[in-house]
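Have a look at the structure that comes next, please.
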Amino acid sequence: MLHECNMWVLGGDLRQARLAELLAEDGHRVYAYGLERAVHATEDLSVREDLEGIGRADCVIFPLPAADASGMLHCPLSSQRVQMTHILQKLSPSQAILGGRVDNATAGAAAELGLTMEDYLSREELAVANAVPTAEGAIQIAMEEMPITIHGARVLILGFGRVGRALAPRLQALGARVTVAARRYEAMAWAESMGLGAERLDDLGAWLWGCDLVVNTIPALVLGERELTLIRQDCLILDLASKPGGVDYPAAERLGRRVVWALSLPGKTAPASAGAAIRDTVYHMLEERGL
Amino acid sequence: MLHECNMWVLGGDLRQARLAELLAEDGHRVYAYGLERAVHATEDLSVREDLEGIGRADCVIFPLPAADASGMLHCPLSSQRVQMTHILQKLSPSQAILGGRVDNATAGAAAELGLTMEDYLSREELAVANAVPTAEGAIQIAMEEMPITIHGARVLILGFGRVGRALAPRLQALGARVTVAARRYEAMAWAESMGLGAERLDDLGAWLWGCDLVVNTIPALVLGERELTLIRQDCLILDLASKPGGVDYPAAERLGRRVVWALSLPGKTAPASAGAAIRDTVYHMLEERGL
Amino acid sequence: MLHECNMWVLGGDLRQARLAELLAEDGHRVYAYGLERAVHATEDLSVREDLEGIGRADCVIFPLPAADASGMLHCPLSSQRVQMTHILQKLSPSQAILGGRVDNATAGAAAELGLTMEDYLSREELAVANAVPTAEGAIQIAMEEMPITIHGARVLILGFGRVGRALAPRLQALGARVTVAARRYEAMAWAESMGLGAERLDDLGAWLWGCDLVVNTIPALVLGERELTLIRQDCLILDLASKPGGVDYPAAERLGRRVVWALSLPGKTAPASAGAAIRDTVYHMLEERGL
Amino acid sequence: MLHECNMWVLGGDLRQARLAELLAEDGHRVYAYGLERAVHATEDLSVREDLEGIGRADCVIFPLPAADASGMLHCPLSSQRVQMTHILQKLSPSQAILGGRVDNATAGAAAELGLTMEDYLSREELAVANAVPTAEGAIQIAMEEMPITIHGARVLILGFGRVGRALAPRLQALGARVTVAARRYEAMAWAESMGLGAERLDDLGAWLWGCDLVVNTIPALVLGERELTLIRQDCLILDLASKPGGVDYPAAERLGRRVVWALSLPGKTAPASAGAAIRDTVYHMLEERGL
C-alpha cells in the first residue's frame, strides 16, 4: 500500500486534471500547476500559479505529452507558458519524476541535470488499459458514421494487438460479424478461440468486398490502392494507426472511399477514465520505487 | 416464398428510402413516390412524381408516420405536398395497404373508402427488431456525453421490456456494471438470469446515488423530484420513453441534472437497418395475406 | 422486508434441504421434517422426527413434488413415511401453506380441510430462475456426450421460451454457432436481436443436416421420423421437453440416432442453486401475503 | 494452398484417429498405422498393419506423445507394439517428420539417423487452440462437481496465460463473478479490460475465503498450506497445472479440501476438436516447408 505522498501534477488536458483530483481523493497532498481552467481547489488539492515548494514533492507528474514542440510544458488548460528546463531545474534526483510520451529533448535536458524522467506511457499495463477507451471511441465513431447498426454489420479488423483484442469482442457482443486479419498463426488462433473469424493479412482480397466496416490497428501501410479498390464505396474505413497511418490517403480520396483517421481516442472520448488509468500506473511505478 | 409484386412506396424518411431500395433488390417492381431526394432510379425501381398506376399495385406502403398533423402524406425527402385522402381515393380494397403509426384520422378516412390500412409498427416483431437500433443509439449518446468509458460505469436501467432487454446485455458486454429496476418479480428474475443486478423499481433510493448513467425505458413518470435529488450531478440521465417521457423535466432543470431525452432513435441512428426491419415485417404481413 | 418467521420445511430432495438451511441462515426459526439424512441441526434449524408444533408455524413448505403417487409426503432423504392428509389435518387456514407441483389429489384434500396450498412452481419468476440450471445442465450433458467442443459446434435450438432464451446465449458465448427455430415471428426477432440465427420451425429440413447438436425445448412432438432422418448420425439430440417429450423415440432408436432425454435438470445438476431460487420465490409469496 | 500429399498417421489416441480422417477428407492420401481400433478405411484412407511404403510419404505424423517411456510408439488404440527406432530407420531426411511432445530419447534417435522430428505441440497456435477444449473441460468438471450453478458462483482463476484467458470470459459469460489473480500488472490490466476482477497473486488471503471455485493454471506451487487453510471446505479447487501441479496435495488432504487435478483435458473431453487443431497446425508446418 502506498503511503500518503506530496505530489505535483503539471499541465496537460482533462486526463491530467482528473488525475490530480483522483490522487487527492485517495488522500495524497496534491498541487496542480498549469491546470487552473479545469481543476478546483479542495482540502487536499491546491491549485498553484507558481512552482514554489515543488522541490519538496515526493513525486512530480508531467503530462501526456510532457512538452510541446518548442520545449514548453504542454498545458492547454492554462494560461501559463513555462519552459520544461525551468521546471526541471527545481527538481532533484531523489524525487520520482514521471511523464507521458517523453520526447528526446526533454529526456536529454533531464539527464543533463542528473534527473531521470520515467515514461508512464511506455508501461504495458497503461497501453492495455488505454485499449479500452480506444475501442469504445472506435465504436462511437462507427455508430455515428454508419447508417446501419453495428448489429449485423460485417466488420474486418486489421491487426490483433491490444486494440484489436479490446475492440473485436466488443463489436461481436454488439452483434457484428467480426473477422480478424493477422500475420501470425498465433494471433489467428487467438481470434478463433474467441469465436471470431480469422484470415491471413496477406490474403484479404475476397474479404474486403463484403465489409461494412474495416478497422485498421496496424501502424503500417496495409490499405494501399489495391486494397482500397476492393472495398465497397459505402464501407466505412476507420484507421486507428498512429502516424503515418495505415491507409494510402491520396488513393482513398481519388477512389472516393470514406476514411476516418482517429488518433488519441482515450484522451478525447473518455478523459476521466484515461486519467484513472494513469493514476493506477503511477501507483505501480511508485510502488516499484518502494514509496 | 413471396412472389414478385408490384409495390408502391410512398413518402417518409431514409428508412422508407432504404425500404424501396431493398424491395427492388429482392426483385419486386417498385415505384417510389415522395422520395425523390433520397432514391435513385434503377431497373427495378422507378422514381415517380405522380400517382399514375398506383391502382395496379399489389401493395402500397405508407411511411412512418403515415401522415402529418394536417392530413398530408409525411414526405420530408420530397417537394411533394399531397393529401392522404387524395392518395387513398386511388386505392381499392383488394390491395395490401400498409402504414406506420397510422393516426385515427387517416384510419377513419381509409375506412370511409372501404379500405383497411394495416399498421406495421403495431407488429411485435418490428417492435423487437427496433429495440436493437434504439439500444445502439442509447449507447452512442452515452459514449458521446460521458467523460468516462462505458467499461466500468455503473448503470441503472429502469424497465425491462424490449428496449431494456436489448440494451442491458450490450452495456454489460461493454464492461458496465448494470442493474435493472423493474416492477415485477418475473422481470427481475430475467435480469438475474442474464447476470445483471435486479432491484425493485419502488425501492430505488440507495441505488440512484452510485450511478454514472441512468436509462429510463418506462413510459411513466418514474424519475420525479425525489429520485432526481438522489442522483449525482455528474450522472447522465437518458430518457428513452416516448412522450410525455419518464422524467420530471422542470425539476431536473431546477436541480441541474443532465438529462438527454432521445426519441425515435432507430430512424435517426440507423435508418438503413430500420428500413430493413420494416421490409421483413412487410413480408410477414404479405405472407399472412397469402401473397 | 420479511419479519422473522416460524417455518416448517417438509420432505423433498437436496433442494428442500438447502432451502431449510438458507431460511435458517436468514434468521428464521426453521424446523426440518423428513430431511434427516441431508440436514444438520444448527441454532436456528431444528431437525424434527415428528410434527409437534407445526400448528404454530407461520409458514409450512411442502417439497417439489409435494406428494408421491400414493398420497405420501415425497421425502426421499428420510426414513419417514407419512400421509399428506395426516400433515394437512394439523394445519389451519391462517398459515401460509406452500408446495411445489401440487397434484389434484393433494389440492383437493387441502380444500376439504379449508386450506389452500399455493404452488410455488407455478410462479413465473421461479420458472425463469430454473431456466438457468436447466441451461447449465444441458451444456454439461452436451460437453460430456460430444467428442467436439461447444466452441465451433453448430447448434439448433427448437423453441425460444424460457429455457431457449437461457441456453442460446450461453452456447453462443461458448463459441457455438446457434440457430433458433421458432413458430412466431416475434420469437425469431428476439433471437436475431441477440445475434442468433433464426428459422421457421416448420421449415427445418435443410438446417437439420448440418447440426452437431439439436436441443429441443418444445413440449410437443417436433422431431418425428422425417426430421430424425434428416439429422446426421453423429449429431447429439438433447430433449429437454417434459413428458411425453419432443422426439419420436421408437423412430430414433430404429434410425440409430443419439438422443438424451434430460428431465428435471435443476434438482439434479444444481440443487443448492435451485433451493435458493425456491427460497426467493417463497419470500415473494409471503411478502404478497403481508408477512 | 497445400498440394495433395501422401501422409502417414501413426499411433495415438482419438485425436490422432480424427486427424487421419480429416486429412483424408481434405483430399490427401492417408495411411493410418497403429489406429486400427478407431479408424475405418475409406477411399482416401488406408488402415495399415505394416509400414510398407512409409518411405514414399511426404509427411509422417507421430502421435502425442510420440513415444511411451520404453521407447515404443504410443498406440493405445492398436494391438501393435513397435519400437520408435524401427520406424525412424525407414524414414529419410527429405520427409516432413512431425510429432507431439517429442521426448529427448526419440529426438536423439532421430538425430542419429540424420532426421529432424518437429514438435507440433511446441507451436504457439496449437497451444492457443488447445486452451479452448481445456477451458471447456474445466467448465464441465465444475458443473459436474458443484451443487450450485456456474451462474452466480464466485470464481478465482490463478494465472492469466492461455488457459486463463480462454476460461475466464467463458465462466463470466455463464454468469460467474470471476476474479483473476496474476503476478504482473499487465496481466491484471488485461483481466480488467475484459470486465474481470484482478488481484495480485501474492496478496490472495481475503479473496480465497469467498470463493466457490478456485482454478489454478500456474505450473508452480501457488496453493500451499496457508492458502488452503483460507479456502472454504465447500469450495472446489480445480488444478489444471501440469505435473507437479499447483496444489500442496498432502496438505489439501489433511485439511479436507476438495481438489480435482485435471490433466490433458483436450484429448479427453474433445478429441475430435483437438485432432482438428493438430491438423491446422500440421498444415502451417507443411506450408512453411513449402509443401
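Each chain gets a letter, A, B, C and D, in the order it is written, and its residues are counted from 1.
As a convention for this text, contacts are C-beta pairs under 8 Å (C-beta built on N, C-alpha and C of every residue); 3 or more make two chains touch, one makes a residue touch a chain.
Remember, it's a predicted structure, so these values are computed and weren't measured experimentally.
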Which of C-D and A-C has more C-beta contact pairs: C-D
Chain located farthest away, centre of chain D as origin (C-alpha): B
Chain centre separation in whole Å, for chain D relative to chain C (CA means): 36
Where chain A and chain C are represented by their mean Cα positions, the distance between them in whole Å: 49
Shared-contact residues (touching 2 or more other chains) in chain C: 132, 151, 169, 175, 193-194
Partner chain A, residues of chain D touching it in the complex: 123-126, 128-129, 131-132, 166, 169, 185-186, 188-190, 192-194, 281, 284
In the complex, chain A residues that touch chain C: 151, 175, 193-195
List of chain C residues in touch with chain D within their complex: 14, 18, 132-133, 136-137, 139-140, 143-144, 146-152, 169-170, 173-175, 269-273
